[in-house]
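Each of the two complexes below includes chain A, the first together with chain B, the second together with chain C.
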Partner chain A sequence: MSDAAKAMPMASETSARARIKRYSVWIVAAALLLVMPYIFPSGASITTMCLMGIMIIFALSYNMLLGQSGMLSFGHAVYYGLAAFATAHMMNWAIKAGVPIPLPFMPIVGAAAGLVFGIIFGSVSTRRAGTVFAMISLGLAELVYSSSLILRSFFGGEEGISADRTKLVRFFGYNFGPQIQVYYLIAAWCLLCIILMYAITRTPLGRMCNAVRENPERVEFVGYNPQFVRFIAFSLAGLFAGVAGSLAAINIELAQASFVGAAQSGAVLLAAYIGGVAFFVGPILGAILVTLLSIKLSDFSEIWVLYFGILFITIIMFAPYGLSGLLMMHAQFWRGPLGSRISRLGKLLGAYLIAALPALIMLAGAILLIEMIHHVAQKGAEGANMHFLRRSYLTVNTHTAWPWIGGLVAMIGGFLAFRFTWPTVASAWHQALLDTQRSSK
Partner chain B sequence: MAELIIISTLNGVLYGMLLFLMASGLTLIFSMMGVLNFAHASFYMLGAFLGYQISQWAGFVPALILAPMIAGGIGALVERYGLRTVHKNGHVAELLFTFGLAFIIEEVIQMIWGKLSVDYRVPSWLDFSAFTIYATNYPAYKTFMLLFSIVIFIGLIFLLTRTRAGLIIQASLSHPNMVGMLGHNVPRVFMLVFGLGTALAAIAGVIAGAAYVTQSNMAALLGPILFVVVVVGGLGSLWGAFVASLLIGLLQTFAIASDWSLNKFFGDFITPTRGTLLFDVWNVTIAQVGPILPYLLLVLVLIFRPTGLFGTRET
Partner chain C sequence: MNSAVELKSLEKRFGKTEIIRGVSLDVKSGERHAVIGPNGAGKSTLFNLISGRFMPSSGSIHLRGENITGLRPFEINRRGLSRSFQVTNIFPRLSVWENVRCAVLWSKGYKYSFWRNIDKLEDVRARTQEILEQINMANRAEVPAGVLSYAEQRALEIGITIAGGADIILLDEPTAGMSRSETEYAVAMIRRVSEGRTLIIIEHDMGVVFDLADRISVLVYGQILATDVPAKIKSNAKVQEAYLGAAGHD
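Our next item is the complex of A and B:
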């Protein structure tokens, strides 16, 4: 028996294992989506998870443009919002005309609307890449948003178009009145869209998108038309944004002009970039984090959007591959025997914890100063006392000097101590790298 | 009718000159770094708020001098410690950096001055009517704005074409390496140009803030229009920015003053029923379409002539 023949059963065995490994990710994801409402059963957390699911689809569809095809769009909310309006109109029409379309199929309407508008606007905007594309996307977004205030019969003016999801024909007895039923609807569509979008990245089209991002000129030499590849990617991104917009309209039973607005386009850009556009999971992480922060941070501060912006700038400056990039940087240490993997990452984590303490002190000082400035400038009439982080047990008197001095000392001292820990972190990183190389030999 | 045309032309030229004060800095910054500064309108807003605050404390003239200096200083620092760091991560990262900066400046302004408009008034010594056309009194402050922006415009042209500093700036735009070889500190030139550009935007903010509304959304309202100006004029072209500023200024002022709609001309032939899409389209007046026109122009120009009117290069 030749060596090649001997290797055959081995190869099929590993491919079977690889297949199980590949599908297990999706099975785990499905199981996780199923049990989440049992882990977090409160009404508020189910509402949050619904928003997360919508944002995940939206951010992933955005990443088909920015991460995969290298197109920076400032107007992705156009497809999201127009699909939301299409869905709301379709729901109202189905109720009025008595057409039996159950709610779970409504996102198909959104997908179709997103695709149609993606094709229309994509045919004019994908002719160019780079900054020109970004500017056209911005112009189109402003155009659509400004029109939404004029074309009242379609956009419903200030109050938007509302649609009662419970009045549609029932789907196996479910009327989708309770939020939990909507959660499962969103979860199912979310999983489906994630799988489809992941599958697209594995097709020749997905690879060509990456090639167009890297070097459009060479793509032309290979015989493809980069413009057409961009157009296809753009239309598909419109389709998935349409599903997200449609689910958003179903979720709050309303489609508003703000859905197509610049703030919505900015939110998806932030989510995708904070999560990291270089990896497929990045926008998922980003969508979860951004949704969570936008809901939770307002419990602590009135000016949470500022902190949010600072987080965004920090990521751009120091971690251009986002959170997923930071995580993936550590994947290289996950090699060799299990014990050494854990001890290696454990040591690194120890160094991080040492650096985290002064960093937290610096942040606390900076936040205290910012909050006090905000209090003095905006709420001087409410008196000198401020509830720091909106907690009454953290009352600070802004008219005395001590909190100001304390904040300044914490900020500057924390920064200096933080800088002092950088060599420790760097050497721990270096050590882990050496250790990995040694054990993989 | 003649009155309307004269007043609209005056207002349009004034608005155009203000746009040019901002667009000139934006287009200079683009020529040297290849990055469209999303936060440029935010420096205009910063100028307006600083101008308001300083004029509360010390009066209008100190505000006119100090506010642009502070805003320009902040701009130079942003270039030195922000953009220069991000530069190695590529153009997308730079663009996103300025996008995030615009976001932060708006939030900081809301944090200090709140979300409502501040009471930034025309200084009392300029609060009278300069002249009367037909029955319209034209305010002295607007005349002052017009003259002041023209002076700045001439000063800028003089600086760029007639002085040694301007010569170095122009050379740094086209041949940065060669200028560096000759012993000039090119990164510092870039920093100074960024500071100058943001200071020009802040000057526009100080003088426009008093005449219009000074509010934390003014950057978000004006920013996209500014992009239209520099893209339509041709990225990197100062003359293009000038022509496009006046064009957009006149276009918007004339649109606001007009109540024409399709219904006015074709209403006798086709009368759509209320509540339909056609009814909306039929009854839209030019004044309502006014805010859309610049973006329509932008999209058309980008599709058919991506170099802009006077531009020599594509982005």
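Our next item is the complex of A and C:
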């Protein structure tokens, strides 16, 4: 009987307790979105969180393609950007014609635009998977981007299409002038989209997407057309990307050609991949981190894009399942009595800290060298002095030998020390595994 | 008796190479029909033609009288013909449960639904459970299919093949690479799951073939040498010469 019970993993998930547990995640998420502006009340934080919310929707929609259905797209910004333009035009039309559509409903316009373009371009590109699909996505992205420079009436040329969100009819007295009101608009749409996209993974189509990702040929022999599965997934991904693009246009009251560009398509790929495409939460984590880095790193360095690239390469090489993959690797230690869970992870964390110190020294040395090379090569005319990490109290004279020697020593010494601490981490990991096995017996 | 699958002067060429050279065959509804023949005779190609994986170069294929030549595999599958593969063809990173459930969904009419919670589909759940019990894998439901043993993967392959409730089943060397005891176990399972259906099976193990089949077709170099009941195939001089004499002793 216990075998039969085990054989019904889905039956246990419909039990009342599991249902409360499942909904509690959404309640916590809603509460978190609600209180975030009170925890981080500054204008800059609100702006950052708005961008995060938009990126979360966009990255999750991208993962409907990459993680769920195995489609590597290089042109997902097409649906994001076109929806942004559709929204901006719709807002301007509503203002001009006096049609009473309040701002919170504008993302529906974006969703419709994303869906329509998803259907049009998806019907071409989803016929093939793998490399062919990736190449077609790249071609379509280029096509749309170059049309954005030609069709000036729709794309508005270099200035783009601006739209004043405060001129729309008010929504319960809110005119969405203050950024905090826009934050709550984005947060509400973000939560709705997350719930819907999660729900879709648990439908017949969602599961067939996984099957198509795993083995499209076999899918044909269980009655499904894998091309049609990809097509629907692609269209729905376009819809949600459209919501994100629409919110982006609302957020800055502008839709620009760069919204459909390759950099935007690349950003969403990076966010999804850094967060990890194998788990639903991965792109959420990735979107938050990538948004934060792209805003904060520029405070410290002019060449932050380089460090961003290095982070991406590091993740691909050493943690191919991304941040969520790393977290899930540690979830296996979260078993047995609470005390032993905490002590187990505590010991592991201790080992990480020991390894982190030399790693940070290595990193600091490497960054110092890179920044000095950049300073000498690009800004030699400004003199010998460089503000390391853009901090005036960290002024470094690049014309003397010591900073160069120091950077080199820190980098190489840090690397050697890091190698030296690695066995500590490995043995701590091994211990945690053994400990988990012992306590779960 | 009605015909389940009928092939009419079927031919398949790859470039200049002729693999199937005019095969005509009538498999009756409800019979267990074995296709035997030496390596390279075109047995798997024949299956690929019937199941829609390849297009025939000429000739036609009929399913219960309906011409299905040129239809896509999923269209043929929806008409009640399902096949397994010689090289295990499953969804490796999905659980055993998910593997079988994917194969159940279409037959229960859920198509491309993205508005129904899959875990609440009681008929799908019950059918998946039933299949897992038929292939004796109910206690392996949560295991990713990619880490199963070879024999288990072969059993899962058959589970996926029968899950949609097709009444015509094509099995391509289901016992290849299995030990004696695994083979006996698999044959018992095949006998069980093909009860009341039409079965076409490619098999190298003559013990299995003569044990299981109602009729046998011998395919040699892309042509059918003989189709008959097992006893007559055994005593057929042409078959002896072309195939059984050599392969029967290995």
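In this section, the second predicted complex is superposed on the first by the 427 of 441 C-alpha atoms of A that agree within 3 Å, B and C clash if a C-alpha of one lies under 4 Å from a C-alpha of the other, contacts with A are read in each partner's own complex, and residues count from 1 in each chain.
Keep this in mind: a contact is a pair of C-beta atoms (placed from the backbone, for glycine too) under 8 Å apart; a residue touches a chain by one contact, two chains touch by 3 or more.
Only a predicted model underlies this, so the values are computations on that prediction, with no experimental measurement involved.
S.K.: Between chain B (first) and chain C (second), which does A:316 come into contact with in this model arrangement: first, second, both, or neither?
M.R.: first
S.K.: Should A:128 be classified as contacting the first partner (chain B), the second (chain C), both, or neither?
M.R.: After superposition on chain A, A:128 lies in contact with chain B alone.
S.K.: Which partner chains sit in contact with A:21 here, chain B, chain C, both or neither? Use first/second/both/neither.
M.R.: neither
S.K.: Please indicate which partner A:140 is in contact with in the superposed arrangement: first for chain B, second for chain C, both, or neither.
M.R.: The first partner, chain B, only.
S.K.: Thinking of the overlay built on chain A, is A:214 touched by chain B (first), by chain C (second), by both, or by neither?
M.R.: Only chain C; A:214 stays clear of chain B.
S.K.: According to the stated criteria, A:399 is in contact with first (chain B), second (chain C), both, or neither; which is it?
M.R.: neither
S.K.: Just to be sure I read the superposition right, which of the two partners does A:387 touch: chain B = first, chain C = second, or both, or neither?
M.R.: After superposition on chain A, A:387 lies in contact with neither partner.
S.K.: First (chain B), second (chain C), both or neither: which does A:296 touch?
M.R.: Neither chain B nor chain C is touched by A:296.
S.K.: Output check: A:204 vs chain B and chain C. Expected answer is one of first, second, both, neither. What do you get?
M.R.: Second partner only.
S.K.: Taking the stated contact definition, name every residue in chain A that is touched by chain B in one complex and by chain C in the other, in rising order.
M.R.: In chain A, nothing is touched by chain B and also by chain C.
S.K.: Any idea which chain C residues touch chain A in the complex?
M.R.: The contact residues of chain C facing chain A are 51-52, 72-74, 77-78, 82-83, 85, 89-95, 97-98, 101-103, 105-107, 110-121, 125, 129, 132, 138-139, 141-142, 160-161, 163-164.
S.K.: Which residues of chain A touch chain B once you look at their complex with the stated criterion?
M.R.: 66, 70, 72, 124, 127-128, 130-132, 134-136, 138-140, 142-143, 146-147, 150-154, 262, 266, 269, 273, 303, 305-306, 309-310, 312-313, 316-317, 320, 370, 373-374, 377-378
S.K.: Please output the residues of chain A touching chain C within their complex, sorted ascending.
M.R.: 3-4, 6-11, 13-14, 199-200, 202-208, 210-211, 214-215, 217-225, 228-229, 232, 236
S.K.: How about chain B: which of its residues touch chain A in the complex?
M.R.: Those in contact with chain A are residues 36, 82, 85-86, 89, 91-93, 95-97, 99-101, 103-104, 107-108, 110-114, 220, 224, 227-228, 231, 275-277, 279-281, 284, 288-289, 291-292, 295-296, 298-299, 302-303, 306, 314-315.
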